[in-house]
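Below, subunit A partners subunit B and then partners subunit C, in two separate complexes.
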Partner chain A sequence: MFRQTLTCGLLAVSGLAAPAYATEDGTRITITGEFIDTWCYFSGVMGSTDSVVGTSHHTCATWCSAGGVPVGLLTEDGKVYMVLKIEGDTNNNGGDTLLNLASDTITADGLAYERDGLNYIVVEKVVSNAGITRLSHEDFGAIPPFAVPEPKE
Partner chain B sequence: MIRATLIAALCLGSAAQAHDGKVHTTDAEAAAHAASVPAGLPLPFDLGGAFTLTDQHGQQRTEADPDGHLQLLFFGYANCQEICSAALPQMADITAALAAQNINVTPVLITVDPARDTVEAMAPAMAKLSPDFVGLTGTDAELAVAYKAFSIESSLVFVDPASGPVYAHGSFIYLLDGDGKFITVLPPILSNDRMIDIIAAHAAQQSG
Partner chain C sequence: MTMGNHMKTAAVLLTVLATPSFAQDFSAGSEAKSWNLYSEVPARFDATVVDLMCNMTGDCPADCGGGTRQLALLRSADNVLVFPMKNNQPAFTGAANELQPFCGKAVEVDGLLLDDPEIGAQNMYLLQRIREVGTEEWIKANRWTKDWEAAHPEAAGDGPWFNRDPRVQAEIATNGYFGLGLEQDAVILKELFP
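== the complex of A and B ==
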């Protein structure tokens, strides 16, 4: 419900709306990874990297994406690709597709770029979506705790 | 809505550790990795272009820096409590740190909220950030030219009873040369040190 409310009601749009892409410079790849909130993942402000992925951080990840924090694709080997664009969205961070995919583990075809030591990806096709696969709330609860309100008595 | 703001504030309230797509345990490790990686291939953008807007002093300002400095360009708004509240102070801090290395950079904000970011309103907001900060506003038509040049879209997310309209907008910081030509993009999640390393490397290329 919460997620639907976000998606339907608060959606934000922003960023690189329709950049002209010069595909010849990218490297075509197929990768599997989780859509993460790059701010909380890299800053350490919420704790360890294990605690800011998966179910424990899903609410915060969604809000951060809505707030403009760039989304990343975290692969199994720990590499993070900053998502420049994804199929179905004309925008970058904050778009509907990125919010719907927050915390999901997907397999994606796309073009990868490396610039200034950073990895970027333009996701051309989401081949499959396994949903949220890391049940990190079992170890960490909600991160941050107030992301999930206590039920009213 | 308040919860959203709280979460966003907590998420955005602290400086990012150094990184570059990998988690580094120390700044030294991150810097060593950064130094080992060249600028790389251009990103798949065709961004930048001419625009003429008005700065917080009422003077016309184009995409070119009057002093020929490198420029850090961000699209946002002065009242923004979300990503701008992290990115704009970071741009000011980076500018100061680079100046200490004799690398002159001008931080520039182009508003996506011209109704509130008037010339009069932007002056004190920019002064709070840094005396070097340039805040640009304009008519809808003038701003549309700049948005188109950088493929920027923004939209109203909701109206916060306390702070007013909240907009979603792009969060990347663009590094431009003195003529306003796009050099590279900087995700605002990078640490100050990492951004400084990247900008310094491009500054060296520009002057070399």
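== the complex of A and C ==
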């Protein structure tokens, strides 16, 4: 009996575990968020999360986007969606579309996915783009400071 | 043992088996070097290199997108999808280029996991070295800048790649260092460098 119970339990675990190439339908959502450099945001390598968003971090966000660091959409409630695709452009490893939108705040329609604690989004349509709205340079200057060279006389 | 006890034992076992990834310690044998990050945890584990977009949506080109997509590590021990966000170069560079040659392959990786649930950092990874399962030699996750140099011979010169990258230079030339346009940029620069 115990073996049967155990077998049922293990089968239940196997059933819960997703296969290697599981596909899901995604959940349709509309969100407003800022395109961020996820490595600097989550690792804390440059300082607090407040300092690595908006204008203070724009040049670094551009570097990271061009460098293939994953781009995320940070919503007002602090949730970050890793961007898988944006308006038909599947290049999220240094692609032009995401590079050109670095630090912008957009409203997007798309499909959201969740896996192992991380959120992902396929942006099907950028509904509106408010540009860069977070003036973080007022509090932090440039992060990192060497991102902005001192102007030559 | 009663039926009730059997069920309790099975329930405990299920709970243990279904516990999230960080209940497990993947630091054994890791030679990952610290980056002095607040939430870093050394982690060495076996995994399969997968295409994230494919994994989520079923859009699955044969070659994981040929270098245009973010790739992930499906950890063998617990089927958790780990997202490598950073390679081993302190140069604002991601990990997808390092993983691309291993698309669909079983690999062993060594690096640093991020574990900071307060800000949502979990199952994120800094990849330091990788090897295909069954091979001896580790490969350092340092190829990104070589790939960039090969792709941008016109930008050869001194200094880090990000100060020579044509697309980055174009963005700064158009929108300034703070992204608000050149006029506003000049005002901010005067404030920062009076």
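Rule of thumb we're sticking to: the second predicted complex is superposed on the first by the 127 of 153 C-alpha atoms of A that agree within 3 Å, B and C clash if a C-alpha of one lies under 4 Å from a C-alpha of the other, contacts with A are read in each partner's own complex, and residues count from 1 in each chain.
Criterion: contacts are C-beta pairs under 8 Å (C-beta built on N, C-alpha and C of every residue); 3 or more make two chains touch, one makes a residue touch a chain.
Small disclaimer: the values here were computed from a predicted structure and weren't measured.
> Which of the two partners, first being subunit B and second being subunit C, lies in contact with A:Gly110: first, second, both, or neither?
neither
> Which holds for A:Val45: it touches subunit B only (first), subunit C only (second), both, or neither?
Both partners.
> Looking at the overlay, what does A:Glu150 touch: subunit B (first), subunit C (second), both, or neither?
Touch status of A:Glu150: second partner only.
> Scan A:His58 for contacts with subunit B and subunit C and give back first, second, both or neither.
Touch partner of A:His58: subunit C, not subunit B.
> Tell me the contact category for A:Asn100 with respect to subunit B and subunit C: first, second, both or neither.
After superposition on chain A, A:Asn100 lies in contact with subunit C alone.
> Which partner does A:Tyr81 contact after superposing on A: first (subunit B), second (subunit C), both, neither?
first
> If you stack the two complexes on chain A, which partner ends up touching A:Ile132: first (subunit B), second (subunit C), both, or neither?
It touches subunit C, and subunit B stays clear.
> So, A:Ala142: does it touch subunit B (first), subunit C (second), both, or neither?
second
> Between subunit B and subunit C, which residues of subunit A are contacted by each of them?
Looking at subunit A, the two contact sets intersect at 10, 12-13, 16-18, 20-23, 26, 38-39, 42-45, 49, 59-60, 63-64, 66-70, 78-80, 82, 84, 90-94, 111, 113, 115-118, 120, 122, 147.
> Would you pull the subunit B residues touching subunit A in the complex into a rising list?
Going by the criterion above, the answer is residues 3-4, 6-8, 10-17, 19-23, 33-34, 37, 39-47, 82-83, 86, 150-155, 157-158, 167-172, 184-189, 198, 201.
> Which residues, counting only subunit C, touch subunit A once they are in their complex?
Touch list, subunit C to subunit A: 1, 3, 6-7, 9-11, 13-14, 17-18, 20-21, 35, 37-40, 48, 50, 52-60, 65, 67-70, 74, 79-83, 85-86, 91-97, 114, 116, 119-124, 126, 144, 161-162, 165, 167-168, 171-172, 175, 177-180, 188-189, 192-193.
> Across the complex, what residues on subunit A touch subunit C?
Subunit A reaches subunit C through residues 1-2, 5-6, 8-10, 12-13, 16-18, 20-24, 26, 38-39, 41-45, 49, 55-56, 58-60, 62-64, 66-70, 78-80, 82, 84-85, 90-96, 99-100, 102-103, 111, 113, 115-118, 120, 122, 131-132, 137, 141-142, 147-148, 150-151.
> Along subunit A, where are the residues that touch subunit B in the complex?
Subunit A residues touching subunit B: 10-23, 25-26, 37-40, 42-46, 49, 59-60, 63-64, 66-70, 78-82, 84, 90-94, 111, 113-120, 122, 144, 146-147, 149.
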